[in-house]
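Here chain A shows up in two complexes: once beside chain B, once beside chain C.
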Partner chain A sequence: MTRLLKILAFGLAATLGVAGAASAQDCPIKLGAILPVSGPMGQVGERIAETGAFAVEVMNEAGGIKGCDVEYVLRDTQGQSTVGVDAAKSLVDLEGVQALVGAVSSGVSLPVLTSVAVPSKVVQISCCSSSESFTALAEEGKTEGYWFRTYATNRSQSAMGALVASNQGYKKTAVIYVNTDFGVGLAKRFEQDLAKLGGTITSMVAYNENQQSYRAEVTAALAGDPDSLFLVAFPVDGATITREWLSLGGTGNLIVNNSLRSDDYFKAVGHQYLQDMIGYDSAQPRLPSVDSFNEMFQARFDGPPNGPGLHSVFDAVMVTLLAMEMSDELTGTNIRDNMRMVTSSDGTEVYPTVEGLMKAKELIAAGQPIRYVGATGALQFDANGDVQAPKMTWKLDGETNVETGYYTTEEVAALIARLDG
Partner chain B sequence: MIGVLSYLIFFLILALTLGVAVLGLNLQWGFTGLFNAGVAGFLAVGGYAMAMLTGPSRAAVFGGFELPFVVGLLGAMIASGLAAIVIGLLTIRLRHEYLAVATFGIAVTIQLVCVNWEPVTGGTLGLIGIPNPTKAMVEGSLAQNAIYLAIVLIVTAIAYTGLQRLVQGPWGRTLKAIREDETAAASLGKNPVRIRLEAFVLGCMLMGLSGALYVGFIGYVSPFDFLPIVTFQIWTMLIVGGSANNRGALLGALIVWGVWTMSGFFIARVVPPEWQAQSGAIQAVLIGLILVIVLLFRPRGLIGEEIHVSRHARSAPADARPEAP
Partner chain C sequence: MFLQHLVDGILSGAIIALGAIGLSFTMKILRFANFSHSELLTWGAYFAVVFFAMAGVFGNPFAAPIAPFSFGWPLLVALVFSAVSTSVLALVLHRLVYRRLSRTAGHMTMVFASFGVALLLRNFVLLIFGADPIYYSTALQFAIRLPGGIRVMPDQVFLLGLTVVIVIALHLFMTRSRTGISMRAVSENPDLARVSGVNTDTIIAWVWVIGASGAAIAGVLYGLTVQLRPELGFALILPLFAAAILGGTGSLYGAVIGGLVVGISENLSVMVIPSTYKPAVPFLLILAVLYFRPEGLFGERNT
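Moving on, here comes the complex of A and B:
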């Protein structure tokens, strides 16, 4: 027992010594990352973590931040909120980081935000947390502006659906939606958005997944003689619902979200029956910065950046580092205030290549605003720390899926502002 | 140095909060031999009760009564106690692995109810904005956390002293008798089913209390906080610390949580950057290794059960008189 205590005491002393030494020096500058590199999200999290490290490498090649190399301190959340919270606190208190990148799951990011980032006044930026709770918390002023995410929120989905319905001149729309948090949230938002754009809802019908038939739901949705159907579904059930809808006399004027943009769905229903369908989806922004990121990634990892969160974590790291460069003194509050200065819409555009970052640093040194345009395009954080992504609409022409419209990030943001205003 | 202090406070809050649940499990497993594999479920009941009682009122969700923190703690214990009575009445006659399977299933069910019962639990979005009582008392996160640690320390001390008194008294001896030989205990006129149920309910109330302390500290609750891994962690703490010893239970909570978190700290320092993404796997191996080593060298836990011989037995030759338990 005494030996055990000695070992413990030694461990503690070592920790204190190391931590004490760490806080005394200024170089390297540390950036904390809390990501699930093991546990249920491990496969996804590991690639995200590597891409975050890659962003730091690129920045260091361009000379680092404030003349210092940036050290990327990664801690594993194991996909567990308690572990993630502790990891974040230890990064802030023992490593002295002023900005945290992470986490992936909203169930980890939110506890970290409320119990570590906000109380310690440290910036937190997530690549992947999608929950609407963050927006709600920010609207209540409880994030104090320390929360950001580079994941484009679901908010735009319902707005696009309503816009499509209104552009087509549909007056009476039925809604059938999958009974999950995704489907319920989207359908309820659509109901509000459509009303703002002048349409009316004839019925809102939820369905549970993996049923043999949806006759009852479809019959309920047909009540009120709708001239269009907004369908929030996934391919297999979506095909069953669509077939029953059409065979029971429903209109072919379908509006569908990105989850039904799938050949399985088109084939299961039959292309010829879907010619009046209009869909929408997130669009890859058409910018040279996206291609240059893809090329850099390919060169570094010998494979394309396919996988959730890779583009957005790269941008999360880059924007944070640039905001650090712009801060006179490295505090969470300064970084927070500069997050929008490095993504300002009237700034000079900079790309996340080594040359681009060097140029960005020159501009920052000259006191000029910059506009970071990165792997997910031009980011623009709204008051709640959320960003939007460009959207596109599509339809079927014969058997080909063709694009019918493209909405830039600004247009999507303007649409949402109009609907929320 | 202020950073180290701040982190230590934070660490102790989480470790002791988990420690309260370990005390509850110790009563069930350590003293009574009840294999409760559903710890996370009772943490969830307590956590959500706390959120409903003390959280802000919201249009979309039932609850949000904005009651004081203490009411939240008591309410969480009552809620998890009630849940334990219902579950206990159904399952308490099951032995060992059968009880384990049943309680494990119940914990998973509770977690799924939290995911789906949107009008009450907020579904996958969880419940936000649960007030941390220290935020209204002082400014500055260090002072707030220090006060919260004091609250957790007081709660832990009450739970520990209460349990010590119980298990050292006649009721505690009956628990051990039932754990060792239920038939023998029954033959002495004890009602094992009733006493097992009492221990089960009391233990679950402590787990609910732990969940409430956690939620009150973090200010947010979601179904994500109560995955089965939490049950596993609580069990590890008890086994490493020493089953059937309340001090062991608390020590286990500190040591295991320390290993769990500090291993990440050391790995982040030692592992070269290009290996960082694999650090999760290294950490898991390290945690497992340390736990195995502890159990190899101290199979009964760091502080195992103290062997008690009746104090009358020791002085038996001089003073041999029978006494009712």
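Moving on, here comes the complex of A and C:
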């Protein structure tokens, strides 16, 4: 019996030892992704996941990382925090990833961050989570610097929503918002921002995701005869709510958050009913790097990168991969420390094309700082891992989604300062 | 606003009532809580999609609507088609699963089997039709304004009317026809019914057909006013059970009143509590009924 145990113990130690030694230069290098490819955000999430995979493809074409191909290990969160945490845990514990891309909803990203990424010292970078809770958490030092995002926070979204309402001259706005960390945070901020700009709120109605009908919520929001509706929702439930809202006599003056900038949503509701809708979204700065991403995307997917989170997920993957390239040993802590080195403002500018990435790797090998300028422009993470981005407003003209306004990063910052002041 | 919420409640209650009738009957006559019943609503709704796809060969079913409704006569045919198909599905399930189990297995086994069947049914919908929402027609129907500022959609009024017709028809069936009377006999005492010469197998088949048809019609009409998702029925399971338990299992009018009470209380609840707690209302109703009147409002106390 003891002999058997000894053999077992020896075997186990040998396996672990080999695995431990091999992990430093194991090929392929794995990058974890936790994204909602099914569930209420499945339509949006699938496109985001494909774009993330595309970024990995481009990097592999440029020779991969540290001479290895990169493997993109995707796990579905179904838009649920429990599923997301399990997926992240299995990626970290079983697949041994040192960096996680995701999730989309703040309500999923937050538990993943606090219960997986930070305790396991793994970098987490989100394309899409915009809740301000992360900023607060980072300020308290609870993220230990492992949290990054390539998407601007809620703060600018609610400010844009309020600005649109006030520019349109809406006086009485109803708010219907998704009952998640993201929706609640955004709606509450909107309430404050709109008051500063002179509008009034007739009602604030939260809704739970994945219900078949939202009649009761819509009827509650119709109280007080609002002249406009601020809708914070995702395409599938958003379509149900919008249809019931319009059917029951609600106004066509909609202000919608960026997740509803989706063809699925327009089609489900019907373009002809959405002509008075105005939306906002993060904009891509007017830079050649953005155009070149758009062209690459068009060539790969045979369509333009229209939809939430596509530009930002591409950059999230690229920045993480470059930070990996810069790390001597692939640990979450090293990657974390290098995230700002590959986006440093005094570095040499590099673009996310195959040639650009090859040049980036040469510079990294020479020990020089680089400045990644990608699909969302020149990223710059602040101390909390947040970025600022320009904003745009859009509407539907017939069936085409057209841009109606553009606000630079500075203009957005000035607007926020005015609202906070 | 109160009146509007009340009307909304009655309209959504009508769908719950239609679904709850079948659930209530199966609970009483087949003697187990059938968790797969709500999936029959989903299948009913998707069977109509199949029908429209086939009927589309002859032209768009929504092209010539009968004013003021959004649909034309093909919808009525679709209802029949879907009711028949769903009944066949229910009978197949009965034969493959429930009949076999009921011979040997206990009550809890049946309940868990129904859970399994529900999962299978839901995922088959996912497999065949995909997760994306489907619309019978994306044309939007606008509500008409009734006196008092109440807004209703004509389709929903049709739904309410159809529910009333079905309930009356079922009432006549249960009280006048020989099959209906036998059905009540089986629900009272299956052994006694059998020795009196009632063919219980036929009666049980009838229960499935009635339950599945009600579910199918509720599913199609629900799909008509909102959208079709694989979770359509699953999302209704609590309201359905609340309605069946509230009304008292086996009672036709109990299920109808139960459905209306659930629908109305869900809709009125948003006036007093935050709308995010609305899904908890059926839970509270189940708790309250089980506490104060376990046999349900119209149920008979088991002796």
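Operating definition for what follows: the second predicted complex is superposed on the first by the 234 of 421 C-alpha atoms of A that agree within 3 Å, B and C clash if a C-alpha of one lies under 4 Å from a C-alpha of the other, contacts with A are read in each partner's own complex, and residues count from 1 in each chain.
Here is the rule we use: a contact is a pair of C-beta atoms (placed from the backbone, for glycine too) under 8 Å apart; a residue touches a chain by one contact, two chains touch by 3 or more.
The model shown is predicted, which means the values in this text are computed figures rather than measured ones.
S.K.: Thinking of the overlay built on chain A, is A:Ser133 touched by chain B (first), by chain C (second), by both, or by neither?
M.R.: Touch partner of A:Ser133: chain B, not chain C.
S.K.: Could you say whether A:Lys89 touches chain B, chain C, both of them, or neither, answering first, second, both or neither?
M.R.: The answer is first: A:Lys89 touches chain B but not chain C.
S.K.: Which partner does A:Met392 contact after superposing on A: first (chain B), second (chain C), both, neither?
M.R.: Touch status of A:Met392: no partner.
S.K.: If you count the residues of chain A that each partner touches, which comes out higher, chain B or chain C?
M.R.: B
S.K.: Which partner does A:Val236 reach: the first (chain B), the second (chain C), both, or neither?
M.R.: Touch partner of A:Val236: chain C, not chain B.
S.K.: Quick one: classify A:Ser120 as touching chain B (first), chain C (second), both or neither.
M.R.: Once the two structures are laid over each other on A, A:Ser120 reaches chain B alone.
S.K.: Looking at the overlay, does A:Arg215 come into contact with chain B only (first), chain C only (second), both, or neither?
M.R.: So A:Arg215 only meets chain C here.
S.K.: Would you sort A:Ser81 into first (chain B), second (chain C), both or neither based on which partner it touches?
M.R.: first
S.K.: Scan A:Gly270 for contacts with chain B and chain C and give back first, second, both or neither.
M.R.: Only chain C; A:Gly270 stays clear of chain B.
S.K.: Touching A:Cys68, do we find chain B (first), chain C (second), both, or neither?
M.R.: neither
S.K.: Identify the residues of chain A that lie in both the chain B contact region and the chain C contact region.
M.R.: Common to the two interfaces on chain A: residues 38-39, 42.
S.K.: Applying the document's contact rule, which stretches of chain B touch chain A when the two form their complex?
M.R.: On the chain B side, the touching residues are 1, 3-4, 6-7, 10-11, 14, 18, 118, 123-126, 128-129, 141, 144-145, 214, 217-220, 222-225, 227, 229-230, 257, 260-262, 264-265, 268-269, 273-274, 276-281, 283-284, 302.
S.K.: Considering only the defined contacts, which chain A positions touch chain B in the complex?
M.R.: Checking each residue of chain A against chain B gives 1, 4, 11, 15-16, 18-20, 23, 36-39, 42, 45-47, 49-50, 53, 71-76, 78, 80-83, 85-87, 89-90, 92-96, 105-108, 110-111, 114-115, 119-120, 131-133, 136-137, 140, 142, 181, 184.
S.K.: Taking the touch rule as given, give the residues of chain C at its contact with chain A in the complex, in rising order.
M.R.: 1, 4-5, 8, 11-12, 131-133, 135, 138-143, 145, 151, 153, 222, 225-227, 229, 231-232, 235-236, 266-267, 269-271, 274-276, 278-279
S.K.: With touch defined as at the start, can you tell me which chain A residues reach chain C in the complex?
M.R.: Going through chain A, the ones touching chain C are 38-39, 42-43, 179, 205-208, 210-213, 215-217, 219-220, 222-223, 236, 239-240, 243-244, 246-249, 264, 267-270, 273.
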